[in-house]
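What follows is a set of structures to go through.
Consider the two complexes below, in which subunit A is the common component and subunit B and subunit C are the respective partners.
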Partner chain A sequence: MSGRLVYHLNVSVLGRTFLRVQRWQAEQRGASGWKSQHLAPPLKISPRVKELVARHWLEARYANLHRKVAWVTSGAPVELLKALDYCVIYPENHAAICGTARVAVDMASEAENAGYSRDICSYARTDLGAMLSGKTPVGKLPKPDLLLACTNICQTVLFWYRVLARHFNAPLVLIDTPFVYYEKASEHAVEFVKRQLEEAVPVMERTAGRSLDERKLQEVGRLSRMASQLWMEIMQRNHHRPAPITAFDQFTQMAPVVELRGDAATVDLYAAMLKEVDERITRGIGAVKNERKRLLWDNLPIWYRLRYLAEFLGEHGVALVASTYTNAWGELTALIDPERPFESMARTYTYPILNRGTGHKLATMKRMIDEYHLDGAILHSDRSCKPYSIGQIDQRDRLIRDCGVPALLLEADHNDSRCYSEEPVANRLAAFVEMLG
Partner chain B sequence: MLPAIPRRSEIIRAQQDRGGLVAAVLPIHYSRALLRAFDVLPVEVWGPPNVDASYGAAHLQPYVCSLVRNALSFLRTGGLDVVDVIVVPHACDSLQGLGSILIDFVRPSQPVIPLYLPRGMRESDIQFLAEEFRSVYRQLEDITHRSPSNADLMASIEREEAADALLAQLHQRRPQLALTQTEFYRLVRAREYLPAETCSELARAVLDGRPTDSPLQRAFNCQPDDSSSGNAAPTRNPPLKGEGIPILLSGIVPEPMSLFESIAEMGGVIVADDLACCGRRLYPPGKSKDAFLRMAEGLLGGPPDPMRGSPIQERLDHLLRLTRASGARGVVFYDVKFCEPELYDLPDLRRGLQEAGIPSATIEVDLNDPLSHQALTRIEAFLEMIA
Partner chain C sequence: MTASRDERRMTNSVCALGIDVGSTTVKMVGVDAEGNLAWHLLEQADPRVEDQVERFLARAPCLSPPLAGGMKGRLFLVATGYGRKLVRPAARQVTEITCHAKGVYRELAAKRGGTLVDIGGQDSKVIGISPKGDVTDFSMNDKCAAGTGRFLENTANRLGVPLDRMGEVALSASHEVSISSTCTVFAESEVISLIAHGVAVEPILRGLHRSLIKRVVAMIRTVGLAPPLMLSGGVAQNQAIPRMLEEETGEKVILPRYPQLMGAYGAALIALEM
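Our next item is the complex of A and B:
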């Protein structure tokens, strides 16, 4: 049987049908989700999000049979790859799925047994473990034909992708985005990024076996921009009190804007989600039923304790209304200009919050506290993410001093539950909630 | 025998007495020539070890490496009060964070100059780094009110390239030098603060096997520098030549420096290194006539380094070449805890070395800890294994 036929049988016929039925059943059952009665049910659109993401991983599973596959970092200029029809895989998202499914430690152990230190990023360990053992909750990860690492989220991704490049013997395209210490990136830094993007195209084309169609690139850019815009609008609806969704909802609904950016289906999905969120506002539905206090979350989520944290805070009438992490996937929308793809990509991918100074993040948090009418902040000091975490001690102090809001530094790790202690976290959260009044 | 090396404090004082400025420079890669062209003496800050880390801990989480935490503690306790400017090259997420919080929150009295190091050796990387140097040039113009010409810059570059070439010779000829391991590393690490011309003079003296008596040394009544090694005193360990079990030392920084005496006492001898502060900074000369491009070419042309984005295979090939050329029987990776750039490469490097019949061992250290018995036992067991 040809690869293409196997793909269509397993994906287009069987897989998609199965996922559609699964979604229909979930919709019929009604939203199940939180065990706590203090939280509103998850959005009705949640099964559709789940279906879209599951379909992506299903397609990825069989992608090696008929498409070129690229593994990319979460902040990479994916538009180029989409326009060249690559199947794009995000190892970070895969690791987050493993974290949520609570299999990350098992997979990280595989990497540790192979010599990788527990002091490196737990996303990397999870994925390196998957690479070495073949274990994964998504069925099977396709082998990459190309790797694309962009340093705008951390330098770690370059170290990580160099390991992948060696293991898979795949070409590694690097987009090096100089860190922005001050308010603006230097022009030579932006020019450097633009030049790298242009130089990356021939490598991508060679592996893809096709040429980049500029019109298609513009179309992908337009869809990227629309998805980011809609995502931002969804988050900004939380200016409303009570907040129609929480940051915990955002954490679980953000996968498409990360890994399916540039797809029409993502735009449709977020348009429908925005509509449902607006309906909630009209009907006065808050994500936390008795919203008393509103908080900001800084840094990646603690994937394996999302439910616990959501329910704990919800029971105390505390809504996690905004997050710098989910905000990062919408705040650069204005920089995306599909008509000038390379210039705009150079700027967009230079300016993510993680590629900017600690003072910029503080200013972002202050602005969010103001715009979302927040009563405090939880800063997740994430052992696995140094670029996000370094600076938090000063940021917390200044939030307290300058904004007059309480701020808590919570020690944990986004994917490695061995670095998380429930009892101290519970005690600290309880004391913090009490302090909020 | 090791000629007397001026102390760090003496060099700083002499520079300032002459009306020159001093820059504290954090690891790893930067252009000495650029700073010297403005009469700014770079004095590197690798930690230093054994400082009260609690001052750094007021800003940095415990999972940040001790090199970065100590540097901040050193600054906060007045250790850098004597310098006029602080340069923070970008090497990793932790140094990036340190640079950022210095600029945004700690705000030392001196200007802070960040420098982004590109992660490749492409034409665009060289061009970008040259532009970064131009940007640093403009900042130094503002600070010093000087504007060195291209000829001034080229003269400074040539001085540094000459010193780098002599440093490379020291590394290559280390088995023939009449120096103990401690003396050898005291000499090559003096490059972290000595002006190029003094370094060159010392290096020539050692290579020629003669004592030096430079005006600079006479002026200082020089004693061996011990500022980076805590209480290390001159030792009479076995000379490098032909004695001991030959090993290659990789990692970031060999602290505490008593490590060398311990290795010698255990019967080992370091015949080559891939240390970030030493062997990874043996820069070749640049080629361009444009000073900024030339500095960029030299810096990016250095030995493979994860902090410059070198592929793992290049690092492995480099280590294999070094071990073969030096006759090392094994490799010790001596790393600072939490150093991600090093940690990612280790499994592949160790596997590659093993496949080539070269055993390796890893030791993790914190710059504030003395050399632990556990670490020494591991090194001893490793030396016994490869003997």
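Our next item is the complex of A and C:
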């Protein structure tokens, strides 16, 4: 049987039907989710989000049979690969899935046993462990034909992707985005990134076995922009009190804007989600039923304790209204210009929050506290994500001093539960909630 | 640093109770209608927390008005400390941060607020208190034993100095040696090495106290020092601690009459307000 036939049988016929039935059943059952009665049920659209993401991983499982596969970092210029019809895999998203499924430590241990230090990012260790052991909760990860790493999120990806390149014997395209120390990136920095993008195209084309179609690139850019715009609007609906969704909801609903950016289905999904969020506002439904206090979250989520944190805060009438993390996938919308794809990609991928100074993050947090009418902030000091965590002690002090709101530093790790101690976290959170009044 | 049991009754009228189930000791305090400390009981912590709580309740004086019937059949009792969730008869569980602040504010900082340092057996905390008595900020050291009472306890054992004489011995030293390690386990190794080199006990002890205080001062800087600087928790009974804290901060340190009871006292005050 040809690869294409196997793919269509497993994905288009059996897999998609199964996922559709699963979604339909979930919709019929009504949204379950939180065990706490203090939280509103998850959005009705949640089963559709789950179906879309599951379909992506199902397609990925069989992708090697008929398409080229690229593994990319979360801040990579994916539009080029989408326009060349690559199946795009985000190892960071895969690691987050492992985190929520609570298998990340098992997989990270595989990497540690092979000699990778526990001081390396837990996303990297989770994925390197998956690579070495073949373990994954998504069935099977396809082998990459191309690797694309962009340094706009951290420097770890440089070394991580070199390991992947050696292991899979795949070409590695590296986009180096100069750090933005001040308000604006210099024009020569943008030009430098733009040239790298242009130079990457022939490598991508060669592996894909096809030429880049400029119109297709523009179309992908347009869809990318629409998805980011809708995502931003969904988050901004939380200006409303009570907030219709929490940042915890956003953490679980953000997967498509990260890994399926540039797809029409993602735009449709977020348009429908925005509609449902608006309905919640009209009907006065808050994600936390008795919203008393509103908080900001800084840094990545603690994937393996999302439910615990959401329910603990919810029970005390505390809503996590906004987060710098989910905001990062919407705040750059204005920079995306499908008509000038290379220049716009160069700018968009130079300006992510992690590629900018700590002062910029502080200013972003201050603005969010003001815009979302927040009563305080929780800064997750994430052992694994140094670029996100550096400066948090000063940022916390400045938020207290300049915004007059209490702020809490919570020590944990986004994926490695061995770096998380429940009792101290619970004690600090409880004291913080008491302090909020 | 404490006797195995310490019980004292100041007045006959007890209106509300607070219990602090800490890692090293369990404390229960009763307050009168004005919020004055009327009775207290202190024991070393028993691993069977629930049994110990029951014993404490059995010894607690009768409440006036009588105990039963308050707060929907629950006692006018608030629990705090790491074991607070195991105090099932309590009407509320409140963190040590809020309770210590409440107790110390009433004792020492009424209408002016200040900065409270609480050094317990398992953790240490610095709490900012507003002139109204609200907690404005806090910092906790609960991951590393080197900032806690356990740090001194561990090394005191090694030096053969009784816990209740540690402060006195440390202060008697004419000079001190620097303990470079910030980890309790490795500090012990360092102490062993110093003893092996013939260094006297007194300067080692003084150096150990300095190491602990420097950690606490770093936490004070995080919260910000707004005078007065106050000290609570069992370790406050060690006379070297307030003295060296004054040396490091340049700020006078004031102590409540019963530093160890402040958590339970604050809990009792919260119970009284219910």
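What we mean here is this: the second predicted complex is superposed on the first by the 437 of 437 C-alpha atoms of A that agree within 3 Å, B and C clash if a C-alpha of one lies under 4 Å from a C-alpha of the other, contacts with A are read in each partner's own complex, and residues count from 1 in each chain.
By definition in this document, contacts are C-beta pairs under 8 Å (C-beta built on N, C-alpha and C of every residue); 3 or more make two chains touch, one makes a residue touch a chain.
Owing to the predicted nature of the structure, the values given are computational and were not obtained by experimental measurement.
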Item checked: Three-chain arrangement built on subunit A, subunit B and subunit C clash or fit -> fit
Check: How wide is the angle at the Cα centre of subunit A, looking out to the Cα centres of subunit B and subunit C, in steps of 10 degrees?
Finding: 70
Next item on the list: Could you look at A:I393 and tell me whether it touches subunit B, subunit C, both or neither (first, second, both, neither)?
Entry: both
Check: Taking the superposition as given, does A:A334 touch the first partner, subunit B, the second, subunit C, both, or neither?
Finding: neither
Check: Now for A:P406: first (subunit B), second (subunit C), both, or neither, which partner does it touch?
Finding: second
Item checked: subunit B or subunit C, by number of subunit A residues touched -> B
Next item on the list: Check the residue A:A189 against both partner chains and state whether it touches subunit B (first), subunit C (second), both, or neither.
Entry: first
Next item on the list: Scan A:R428 for contacts with subunit B and subunit C and give back first, second, both or neither.
Entry: second
Next item on the list: Superposed on chain A, how close does subunit B come to subunit C by Cα atoms? Whole Å, please.
Entry: 7
Next item on the list: Using the superposition on A, tell me which residues of subunit A are in contact with subunit B and, in the other complex, with subunit C.
Entry: 393, 411
Note to self: Quick check on the complex: what are the subunit C residues that touch subunit A?
What the structure shows: 82, 94-98, 134-138, 140, 142-143, 222
Checklist line | subunit A residues within the subunit B interface of the complex | finding: 114-117, 119-121, 124, 151, 154-156, 158-160, 162-163, 165-166, 172, 174, 176, 178-179, 181-182, 186, 188-189, 192, 195-196, 199, 357-359, 362, 381, 383, 386-387, 389-394, 398, 411
Notebook entry, point to check: If you look only at subunit A, which of its residues touch subunit C in the complex?
Noted result: 393, 397, 400, 406, 411, 421, 423-424, 427-428, 430-431, 434-435, 437
Next item on the list: Within their complex, state which residues of subunit B touch subunit A.
Entry: 58-61, 63-64, 90, 92-94, 96-101, 103-106, 114, 116, 118-120, 122, 124-125, 127-128, 131-132, 134-135, 306, 309, 311-313, 337-338, 340-341, 343-348, 350-351
